[in-house]
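Below you'll find a set of structures to go through.
In the two complexes below, chain A is the common chain; its partner is chain B in one and chain C in the other.
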Partner chain A sequence: MLRLASNLVKKAPANVVSARCLSSTTIVQAKAKSNAGAKPVKKKVTFDPKKFQQPQTKVKKSGMTHLEFHDAVRSMNFDKLAVDLNSFEIDNLTVEALSEPAKVVKYDEKTSEKLNYLGSFKKFQHHELFQRPVSLVSHNTVNLNEQFISKLDGPSKDNRVCLVGERGSGKSTLVTQAKALALNKYNQDVILLHIDLAESLTNGTSSYIYNARTKKLQQPMFTKRWIYKVLQANQDIFKKLTLTQDVSFQNKRVDHHLKKGENTLYDFLSLNIDFGKQQPTTAFSFFVNELLHHSQNVPVIFSVDNINTIVDFPVTKYRHTDFTPVHLSELEIGDFILKVAGGETNFAKGGVLLSKTGVLGHHQKTLSIALGLEEHNPYLNKKFFDLNVANTLLANGGIKPLIVENLNKDETRELMEFWRESGVLYVKDYYTKESTKTIEGSSEDKPVKQKEEHFDPELQFNRMVNNLYTVSTGNPHYLLKASSISF
Partner chain B sequence: MGVHVFGKSIKHNSLVRIGLAKAIFGIGYRTAERICAKVGIYPQMRMNQLSEPQIMDLNKEISELLVEGHLKQKINNDIKLKRDIGSFAGFRHAQGLPVRGQGTRNNATTAGKLNKLERFRV
Partner chain C sequence: MSLVRNCTRAFRIVNASAGTKVRTFSPLCSSSFVRFNSSSVPADAKKEEKVSLTAQIYPANKDSITESDVDEWLSAVQSLKNGKSLAETAPEVYLSQLANPEPFLEEKFEPTEEQMAEVEAYANKRIPLKSDPTVENLVNLVMRHGKKATAQRIVSRALYIIQLKTRKDPVETLKETLDKLGPLITTRVVQTGTAKNKVVPSPLNQRQRNRFAITWILEGCKKKKSPDFSVRLAEEIIAAYEGKSSGYDRKAQMHKLAIQQRAYITL
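On to the complex of A and B.
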């Protein structure tokens, strides 16, 4: 081809004046010279989108989920893909199981269902890694059993505990374990009242109306949802408890007259829709009175997770009609929490279990001063410390703080062992020993040596345990994050 | 889909306090929060959750405020008054120049756009 082209160029002079005339550049130049006076004509450039469109053969489908990654991980039922835990010999969480600390346990089905209703298995605890929720019995569980569960036969004002600890140390898990242990100890005959996210009380997500009789602000939306959860979790025990007072109410234009000693608390809660009505009602105070009465026979456990979100920030997002902010104690349920936590409302049998969240900072001092972890400074700024709330919590002997410690090395090893067996933890191949051996058949004068590599998974696992324990200092959240989760 | 409050269509999934502030001239975020508190609307309520009586209450509260056309008229009248009494501010308004002592060597374009004798067409 190149030769042909060169021939053409060579032959060209016969017909054309110069070889350069063959190239387009010279021709254009010549034209430009001839039309030097005229304006250059601009070619109109238009955009035709059809040229760039590719024929669509496939119909575009929507994605797997509209949720963000963190939420999607939880909602996409990855737990169904997890390893079947039935092949493992995991015991249920019982009071007897506490005799062997550092042990992975599961919740029995009935308990698990109840805890699920109460919202005990929380959003970012990574329960999707396993087929069903599991937890580790640690020395903290044993401590809580001694300090809280064993005292449930006494009055709740003498049995008030607040779990304190760093972020991810397992405070919420411990609250869940406490409820499961109580259910096991009393053979499911325990009333569980649990608020899983205390901040939802004050963050302005529920409607609110003023009740002139109780002089409190009711939150119908929040109360309705909470009562539903409580009813679902405690329906077995509520069906056994009869009412102590007659009560009448209307539901969908039907009058209901429930009689004492005949109808049960379950009837009252399932039939009464006053909790969610946008009108003042005394249904909640009736329910509390019934609980107070029945607590003589059945222990009542009142637990609040993320308590510092309301105690440390008692000024809510709600406003009065004159635009002054609403205080926590002015809300019906907020007042109930403070009274129960302060011991003013006392269940004859039961306890109060509060849990702090480690996500918030340490500027707010109300809870830490109320628990006696810090000394009261009279010059503290009002926005960092609420004296009334602190005094309420300090009443009746105060709340005992239970400091949740990180896992020790044995517990860490046990937990990681379980993760390895259940396929959550991946132990990578890492050659632990190198040696050389002489290849057979090589001459004795010059022996040929070859590297031989050994892989010891146990040694590698031990190395991982040591490494991750050092990295996470035994904090379960950071341990899981460092070992298996990459987001 | 919009929810109509005070003659304005507000997006159905916006928060009430934000929807009011965005849609109605003369209502800012703070005023919207005040109105909501007065009517008894909780902070995270959305426009599509409003009931008929609540919308009527909102309309009533907003109609007591100086908003929309009346507020625009008032602003126009105030500028006109300044011009009529021959004040310096009125003079600057008429010339389309900054009113409050700003320099005009650079960056007086916004004043050129806004400062007129009739700022709003009512």
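On to the complex of A and C.
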């Protein structure tokens, strides 16, 4: 066997590195020829970033806007191109106008300006379709007037209402209408405190610092912006209200000493920049105390839109120094909202109007249990239910839920009639396929238009009202979507 | 036969409850046989109009039934039970018809006058389409990966912006734009089999014209700066509506080429 193996392994030539033999075939690996005497050249490997860079030629893109749809629609001033509403006989929203339900109304200029400052005309409400904001007086408005506006002379802890309803049913519009009605009823002498997007309080978008004296976390940027809105919306009434305490503060290295009975609340809010200071201040609590004092004469309406975004999710995006999450009640304004909504902070005259957003799901139970719409389940997960928040809201007699219903058929007709007149809704005949018929005397099939019947726009409009009312079930959001935004 | 059994059972209940010689006929008994074809026609009027043969022979809606009637009835039942096939007496005829209730149970739909008028109103109407065919064409060309709902949303939003900007019916604006932008004629290469191929102009139909116009609009969208497709699409359609789109150059180029090759047109 050994002899056999030695026969198989043949002698390899001199320039062969290794040789393996399988049967009679020899596989050889040749050694590279070396240049004797020449030094090996080492190539320096360097990184040249220019090789990998794309040529930076900035293409200038054209177009009207760089924004996405919802922002583009809002920011491009389309309302200026809308049909002039002065030609229509639209009444202003007043308490007297409620006697005629199912009527499209507008806000008078002063009210409209105030509501605009407060952020009452929101995105997604399609205000760009019209020259100025309009709304429909529905049976919900009448209900709200009876249950909320008529009780504004009483204490706010007994006048707390939360608007509940399906998505797009007009809850935010109703809050706006309530404010306009209150301004009309009290001849503009009402203090309006409105938070249009409650989620901006807890979603981690503002700075926050700890105030050791009040043991609360202040949000200077949020507070500053909110106070600015409140000041702009209420400047007429704030100019009439004098301070009840002396107050001193510094603004741009100038000392200001405001005296009670002499200077007004407007002076305090416009001169004081402590609200936005990145250090603990007592400016906000001073402002609240002033409001509490003046509420004996002037009604204060505190309204919060999208309340369920903070009440149902009370654990905020903010963190303590030990990285534990901050609770809503630990924030200065969050605590203020809970106290006012719970009736602990009571305005002598006024009311609290809260409104839910229908966009969120129904897993969170805090608000619905606090409103008495659902029964409390003691085994509920802490993630879905906050007992402390629910108890706070349930205190002092609880908050009354007002269910915002969809429009009825008369209201739908009235609204669609207005849309048609203002050039938003187009009443057209059905789209039909062109029928092909063979013309006599020719062998080819050619499209032939059938004898056109007389198109009756009124009849078609009635059909549209019936169809769209059925499709949308009277929900204003879906009604507009189905009639004017779906093609 | 179950119908007959039910009938006799109801009849027995009436007999037991009344206890007198003259008994009232139970409404349950009569109503179980009555079928109305149309709800709009009153039942009484119908009865008056059409009295069945059975009712003539043996009226079921008798006011009162005497003992002799009952005896007659029971003897008829008994004789039929024993296997008598040919019905002779009035109750036998009636009962034999009860055993075959199919003609009574036939449901014939008789439309009312209102319904007839409604049908008449739609007589010359064509079936309505869900949406405009031009818009549908645009949606289908915008669609990627079969996501039609997304494409519809993009087109709807674009048309909404067009409506806001022009304050006219956006579908009409779109149609007008496509009509302005769409080329009338294109060129096709016809292989002659020899060295030189022919470039032959050929006319386009409406759908082909629209397709060219929409494709050019969608190409033009890419140059707009908004991150939202719907906004870019709206901007490009508005630009095309105002006669500013780059598609017009393409159209002119196509027409120029077709005119150059007009010698190859065969009529």
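By definition in this document, the second predicted complex is superposed on the first by the 401 of 487 C-alpha atoms of A that agree within 3 Å, B and C clash if a C-alpha of one lies under 4 Å from a C-alpha of the other, contacts with A are read in each partner's own complex, and residues count from 1 in each chain.
One rule holds for everything that comes next: a residue touches a chain if its C-beta (ideal position, glycine included) is under 8 Å from a C-beta of that chain, and two chains touch if they have at least 3 such contacts.
Remember, predicted model here, so these are calculated numbers, not experimental data.
S.K.: Report for A:72: first if it touches chain B alone, second if chain C alone, otherwise both or neither.
M.R.: After superposing on A, A:72 lies in contact with chain C but is clear of chain B.
S.K.: Examine A:64 and indicate which partner it touches, taking first as chain B and second as chain C; both and neither are also allowed.
M.R.: After superposing on A, A:64 lies in contact with chain C but is clear of chain B.
S.K.: For A:203, is the partner it touches chain B (first), chain C (second), both, or none of the two (neither)?
M.R.: In the superposition, A:203 contacts chain B only.
S.K.: For A:384, select first, second, both or neither according to whether it touches chain B, chain C, the two together, or no partner.
M.R.: neither
S.K.: Classify the contacts of A:423 with the two partner chains as first (chain B alone), second (chain C alone), both, or neither.
M.R.: second
S.K.: Considering only the touch criterion stated at the top, classify A:83 as touching first (chain B), second (chain C), both, or neither.
M.R.: second
S.K.: In the superposed arrangement, does chain B or chain C reach more residues of chain A?
M.R.: C
S.K.: Counting contacts the way the document defines them, which residues of chain A are shared by the two interfaces, the one with chain B and the one with chain C?
M.R.: On chain A, the chain B and chain C contacts do not overlap at all.
S.K.: Please name which positions on chain A make contact with chain B in the complex.
M.R.: 203-209, 317-323
S.K.: How about chain C: which of its residues touch chain A in the complex?
M.R.: Where chain C meets chain A, its residues are 124-133, 135, 152, 155-157, 159-161, 163-165, 167, 169-171, 223-228, 230-232, 235.
S.K.: Chain C touches which residues of chain A in the complex?
M.R.: Going through chain A, the ones touching chain C are 61-69, 72-73, 76, 78, 81-83, 128-129, 423, 426, 428, 430-433, 435, 450-451, 453, 484-487.
S.K.: Residues of chain B touching chain A in their complex?
M.R.: Touching chain A from chain B are residues 33-34, 36-38, 40, 42-45.
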